[in-house]
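Accompanying notes for the structure given below.
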């Protein structure tokens, strides 16, 4: 083995089981099973942050990260959709700054949809969904410009961020914006912790939509995710056990996962 | 023409212009922000054509007479229906295609990305022949134990559906707290690890401003070592 | 958001306005670029390993310096190569330069070697040589292990290497006392370890960009690498050891000062905090 | 590659330039007919179903190629040959969204300019920069200069160089280097021993930071390099923190993300994210 170009039998079984568990617990939740979710402070803060902008009568800035259309960005847009619903009810403006031209139509459409869904289509302003630049640092400068010129009260950064993250948050902080940031990849989290008021770390990012909306589909999925994580832990525990007992070339789990050889 | 002198001055002024933002967002930084965004927009169009469309789309369609490539802009144009209320669903259709691709791409990447990370955690917790233990004070076995413990406690922090009270939950709560501590250590280490790289960027800019630019005006600056 | 205006000393050192922090950093960097005050440089353990490995090579054996780098990593790998060359000349070790990947590296390294050779009055072909760019990766190494003159063929100037005085008596890998891998590319070290260090126990040392260095610490632990230069820092330390402070020392000196400033600021902030807390004022907003 | 053979059989290249333009026109007309027909024939439910179906098929295609059993050398299955051309097609289709992004920019800045809003001169600068880069970028590209370029640079290339090397690249580098300041001030402000967690973060940052500069090695150089205590030399300790404390914690985060992203992918693929995006209405 030793190749990861295509799946082997073990990977097929593992992948299918993980998928089945997630989909299964979604179905269970949809049938009405109650699911518990623990408190996630960074996400609880979203409501407070939107409220602050409303009180101050100033807009909110939202960045869905720098990636194109991928899973990270789609999750960011799902969070955006929730925030728009909160803000639309309170007639608070949201400015979305985009880096990928591909994400632009998707953001425009889902924000419009969110305004429709809460019955305020008249509050939607196409101008507020802005493509800034596809160049990383031109995007950063452009976003800082918007944050300062529009006197943004609240700054939401959810999505894939890279080195430019600190340029956004340090300026946002200096301008007095309340900042909530979330990024699945760990690399920029330290800088968010240093400069933002609330930070959503790692997997909490993917738990966001479930936590915020409490929709059965999403909470069910979250419970399924926990079971899957337990399976990953079990695999690691088994792998460590095997590594302790056998030499690497006899560790079949290693081979099954495409390692060794 | 020889553009070198213009490049030198334009670069110096642009650099200083950007640095004014350190005081606060101001008319000068705003001007350079707009120039930067404008240049990148122009460059985006040029690059999309020269690096992508010309070779992958225009030449095959016109020169190789593969006329079916005309479907690409037609399908792409569906995105533009977002501006129409009645026809908006066509834009969603093409977005659906890209959503599916995003999901499928993640399915493909799942094992290639995460498998090596998982099996790299298979560390023996007992002596293995050929391990080649180097003793300073902390030897490899202790390292492996630390590694596995940190990994598991950090993962326990990311369980959302188990309350941190009750018989099993209380233990999970403790483990999650430990996990949070390790997370903070890791974040601190990542922060510290980035400082030097960021300062090099500024040193590089200052070398340009002092040696290349000021040095061209006042030779003394060019003689200062760097 | 905005904290009340600081009045006491402890509050003031806790709330230095960000503009002052920026000015201090810019000031320190410009000052140290123009009027450097050298902070002490003490070689770290991995750097010392490289120097000791060079010094430990028996006089009848050759050192190979592989220069698998080009302009993209020159800022780090250039000074590293130069410092290693100085270490060889100062310890009166004979060395050869060769390279397997970007052909440009061998020319850049040759310039560095010639410059240093003039200083020590060393002669090409007698004290050092350049085997040139060799195409073939693993195949070159496997062939070299058995028969060096055949595997290498011609040198940098197109002369058969067998005719060079320093190559007299050099037959196979046993004539090599150390290989120093200077590279900005991954996988080169793995190749040398697998084909040369593993089978023939030829000592290796590495010099890497700061970004890739972390991958190779385990090789250091397992003694597969005798030493390692980590980015510009490693280069600066070796420059200091051979007493030839150059580009790397200058840059790392500025870095040291900037780090000292940041650390001083952090300490100051904490001092203010602890002081205020000790007096029970607290500065929580 | 049998994919291109099939494509050539189904869609043979046009034999003559005249035929090419005829084919192109027919394809455009045909596509419009299909789109109009879809629009007319499908009700809200049908549209929703079609969107979900397209999403599902796209996800299935990329996923199945990875998981379906493979044969031969190089290992392939019936989908493998399609991956590359389909990816190219999606890239090309996606490239047409650049127009939307540019349109968004022109809209915002055009309005500033026309209505003479405050700061309209900045929008003018934006237009000039865009236009200059577009014109000279294209011009330079179609000059087809040999490599290396001739000693006397033609003036369009000269202007392009000023735009690119004199403005674009320095603006990039200067903005990037702002991070040196921001990281310094963030470190000063954030690293306080307010809580245990903050103290841990600060200690780790401290050790790693100072272990990376020569002054750090100097501080603990009194510890002999070959003694067992050499572990506590700052450069070794910093590296140890990165390797043995940072790596497992990062892995712990990453495994959580893997599962979270998998669940999100599944929900997107099966159109289970109802209401989040736009599956509520047709």
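When the chains are written out, they are named A, B, C and D in that same order, and each has its own residue count from 1.
By definition in this document, a residue touches a chain if its C-beta (ideal position, glycine included) is under 8 Å from a C-beta of that chain, and two chains touch if they have at least 3 such contacts.
Fair warning: this is a prediction, and the values are worked out from it, not measured in the lab.
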Practice task
Sort the other chains by how far their Cα centres are from that of chain C and give me the top one.
Solution key: A
Handout entry: Chain closest to the middle, measuring from C-alpha centroids that were averaged per chain
Key = B
Fill in the blank from the handout: Comparing B-D with A-D, the one with more C-beta contacts is B-D
Problem - Length of the line joining the C-alpha centres of chain B and chain D, rounded to whole Å - result: 9
Fill in the blank from the handout: Chain centres from averaged Cα atoms put chain A and chain D apart, in whole Å, by 16
Exercise for the section: Round to the nearest whole Å and give the separation of the Cα centres of chain A and chain C. Expected result: 40
Completion exercise
Averaging C-alpha coordinates per chain, one finds the centres of chain B and chain C separated by a number of Å equal to 27
Handout entry: chain C residues counted as touching two or more neighbouring chains
Key = 18, 22, 25-26, 210, 255, 258-259, 262
Problem - Junction residues of chain A, two or more chains touched - result: 5, 7, 11, 15, 71, 74, 101-102, 105-106, 109, 126, 134-135, 137-138, 141, 149, 174, 186, 190-191, 193-194, 201-203, 207, 222, 225, 229, 232
Handout entry: Contacts with two or more other chains, residues of chain D listed in rising order
Key = 66-67, 94, 97-102, 105, 119, 171-172, 175-176, 178-181, 183-185, 187, 189, 191, 201-202, 205-206, 209, 212-213, 230, 236, 242, 249-250, 253-256, 258, 261-262, 265-266, 268, 277-278
Completion exercise
Counting only contacts in the complex, chain C reaches chain D at residues 14, 16, 18, 21-22, 25-26, 39-46, 48, 210, 214, 217, 233, 236-237, 240, 252-253, 255-256, 258-263, 265-266, 269-270, 273-274
Problem - In the complex, chain B residues that touch chain C - result: 22-23, 132, 134, 140, 195-197, 199-200, 202-203, 206-207, 210, 221, 224-226
Handout entry: Sites on chain B touched by chain A in the complex
Key = 18, 21, 24-25, 29-30, 32-33, 36-37, 39-41, 43-44, 79-80, 82-83, 88, 91-92, 95, 98-99, 101-103, 105-107, 110-112, 115-116, 118-126, 128-130, 148, 151-152, 155, 158-164, 183, 186-188, 190-191, 194
Completion exercise
Note: in the complex, chain A contacts chain B through residues 4-5, 7, 11, 15, 35-38, 40, 69-71, 73-74, 101-102, 105-106, 108-109, 112, 126, 132-135, 137-138, 141-142, 144-145, 148-149, 171, 174-175, 186-187, 189-191, 193-194, 201-204, 207, 211, 222-223, 225-226, 229, 232-233, 235-236, 239-240, 242-244, 247, 251, 253-254, 257-260
Problem - Complex contacts: residues of chain D adjacent to chain A - result: 66-68, 70, 75, 77, 94, 97-102, 104-105, 107-108, 111, 119, 171-172, 175-176, 178-179, 182-183, 185-187, 189-191, 201, 205, 249-250, 253-268, 270, 272-278, 280-281
